[in-house]
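Every chain is named by a letter (A, B and C) in the order it is written, and numbering of its residues begins at 1.
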Amino acid sequence: MKLKKLRGDIDFMEKVEELSDESLNSCIQCGTCSAGCPFVEDMEILPERVFKHITLGNIDEVLEHNTMWICAACYTCSVRCPRDIDIAKIMEAVRQIVLRADIDMVDVDEVDNIEELPQLAVVGCFRKETG
Amino acid sequence: MEEGYLYYPGCTLKAKGSDYESSAMKVMEKLGKPLIEMEDWYCCGAVQSLAEDDIMHQIAPIRTMCCAQEEGEEELITLCDMCYNVLRQANDRMKEKEDDLETMNEFLDEDPDYEAGVEIYHLFHILEDMKSEIEEAVENPLDGLVVAPYYGCMLLRPDNVAVDETEDPEMMENFLELLGVEVLDNPKRTECCGSYHTVNRSDIVEKRVEDIVSYAAGEGAEAIVLSCPLCQFNLDFHQRATEFEIPIFYITELMALAFGLDIEMKNHKIDPRTLLKEKGILE
Amino acid sequence: MTPDEDEKNEEVEMVEIFVMGKRYKVPKGLTIMTALEYAGYKFTRGCGCRGGFCGACSTVFRTKDEYKLRMDLACQTAVEDGMFLVQLPFMPAVREDYDIDEVDPEERENVLLDYYPEIARCVSCNTCTKACPQDIEVMDYVQAALRGDVERTAELSFDCIHCGLCSIRCPADIKHYHMAQMARRIHAKYNQPESDELDKRVEEIKEGKYDDEMEKLVNMEEEALKKRYDERDIKEEG
């Protein structure tokens, strides 16, 4: 129900650009971001593909793949982008659109062995994956 | 501060990362500039919220900065890389965006206004200016110990908060050389350890750890040195998924050992004592 | 209203309040609780000690000229002209089950985080502290719990009366008062020294030392009991 509203009611690209203050049309699809991303192996579609889908309005492609949730906000892409796009901010914007639709990606009660984990990990994970 | 530095611990250094805090306290005491914990401080939030309209997640770091301001200090030191990154980014945002600062101050109406006058520094900024003091304080050079430095992400990215060259840093290498260790070139030293994925995607962290540790081991590393309690946890705890058993040290632990100080090292999964005894650093 | 009542009302200053949107005129100086009763409401929930100690009468309100949403106890708060209020007789917040013998903070460094993981979502907004009618530093004790500091959590939360107002607006959905109660129990069992006097008193009770006196009180006539209460020994304050 919530995802349906997400797909239908908002201009996704406009929202992403508003939340990130970055221009998606600047992307030239060079792939430098993917080349440097340490997590790209576990991403179902590459970062620059995500941006292309957003500009083309293929919201389902974005929401149904895990790319933005595998991103760990390590900023490698942002510092290397030859077009100076802050890619980490765009990923954050996509995550925020989902989280703000009251969709959490992690259940705080389902974390195994939370006591063994450093606070940094728990706090960081909840910040990036819960609304 | 005259007598030392105003110090922001962050939650993790009070719990799992206590080895970092305890060794850093002793090291800075020896160097004549003790770390003095803030009277009041708040969890920084671990990761910076990057959304343009998000003021709420800036509240926590700004509250802490306001506490520093109210203690009359303009410099705040952090040990933890992630805390440094968040505090620094939040602070910079308040400095650059007056509207955000105004909204923040209006929200924090029961507290004094934050004037964006506090500066955030990492331990490395401090050590950079204390190289001669470090050299002098070394009593037992850690000869024969071969280490790979590991920076991770948060100290070097994004560009505006970087403590050193983003792609080719050498600060840590310089500090380590003063301790007598043999420092390896570690090309993987700025690659992410997996960060908070350790919570529910430890498979991702395991891959990263395998990558980083195997490379360092391949170069001959006997130990890896870093300054972030989350990196330390990931590289240490998740190394069990690899064939290696390389101890992961906080830089201040090595410094303390070189200075001849007693340290606890109680939260290490891979016990560093075996290696240290082998090298004659510990009895 | 009779002419006599009318006259009486003229002498007493009245204020206008809105209870769930409905307008009433009540005498100034009454508490929200007594004002509601004046207006004809009968409390079957959300009323307890009437003395600011049981946390039953949580009330949310706005005053005429202020935009802020305020929270307080109905029995302790005076009505104001233009007050717009509603009562919250219950806070939905489930208390986590635990075995007191399995939560030694020495062995379990982050035990509070384990039972209440949502405390890691705290954004330090301070909404909880602002809502607290007991002036407790609620945000500070949540932060202490996040750090694994059971003692500080217990100490800061000592005055908590479980009214629940802290939890109702928390953006992180934290159950402050339940978490703090667990901290206090852990602290009492594992950190605090044992009390020999308490052990002795419990023994005395079990042995029946106070049975006769209890029997007498239970069987006393109401008037005699009231008299006995009024004439009891009270320790001077200060």
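What we mean here is this: a residue touches a chain if its C-beta (ideal position, glycine included) is under 8 Å from a C-beta of that chain, and two chains touch if they have at least 3 such contacts.
The model shown is predicted, which means the values in this text are computed figures rather than measured ones.
Q: In graph terms, with chains as vertices and touches as edges, which category applies: line, ring, star, complete, or other?
A: If you draw each chain as a dot and join those that touch, every dot ends up joined to every other.
Q: Give the identifier of the chain nearest to the protein's overall CA centre, each chain being represented by its own CA mean.
A: B
Q: With contacts defined as at the top, give the pair, B-C or A-B, that has more of them.
A: Of B-C and A-B, it is A-B that has more C-beta pairs in contact.
Q: Where the CA atoms of chain B average out and where those of chain C average out, how many Å apart are those spots?
A: Taking the average C-alpha coordinate of chain B and of chain C, the gap between them is 42 Å.
Q: Round to the nearest whole Å and give the separation of the Cα centres of chain A and chain B.
A: 26
Q: Considering chain C alone, which of its residues make contact with at least two other chains?
A: Within chain C, the residues that touch at least two other chains are 109-110, 146-147.
Q: Of all the residues in chain A, which ones touch at least 2 other chains?
A: Only 111, 117, 119, 122-123, 127 qualify.
Q: At least two partner chains per residue is the criterion; list those residues in chain B.
A: Within chain B, the residues that touch at least two other chains are 11, 15-16, 43, 45, 57.
Q: In the complex, go through chain A and note every residue touching chain C.
A: Per the touch definition, chain A meets chain C at residues 108-109, 111, 114-115, 117, 119, 122-123, 126-127, 130.
Q: Looking at the complex, which residues from chain B come into contact with chain A?
A: 10-12, 15-17, 43, 45-54, 57, 80, 82, 153, 157-159, 166-167, 191-192, 194-201, 204, 207-208, 211, 229-230, 233, 237
Q: List the residues on chain A that touch chain B in their complex, please.
A: That would be residues 18-21, 38-39, 41-42, 70, 72-76, 78-79, 86, 88-89, 92-93, 96, 106, 110-112, 116-125, 127-128 of chain A.
Q: In the complex of these two chains, what residues of chain B are touching chain C?
A: Checking each residue of chain B against chain C gives 11, 14-16, 40, 42-43, 45, 56-57, 59-60, 63, 108, 110.
Q: Considering only the defined contacts, which chain C positions touch chain A in the complex?
A: Interface residues on the chain C side: 108-111, 113-114, 117-118, 120-121, 146-147.
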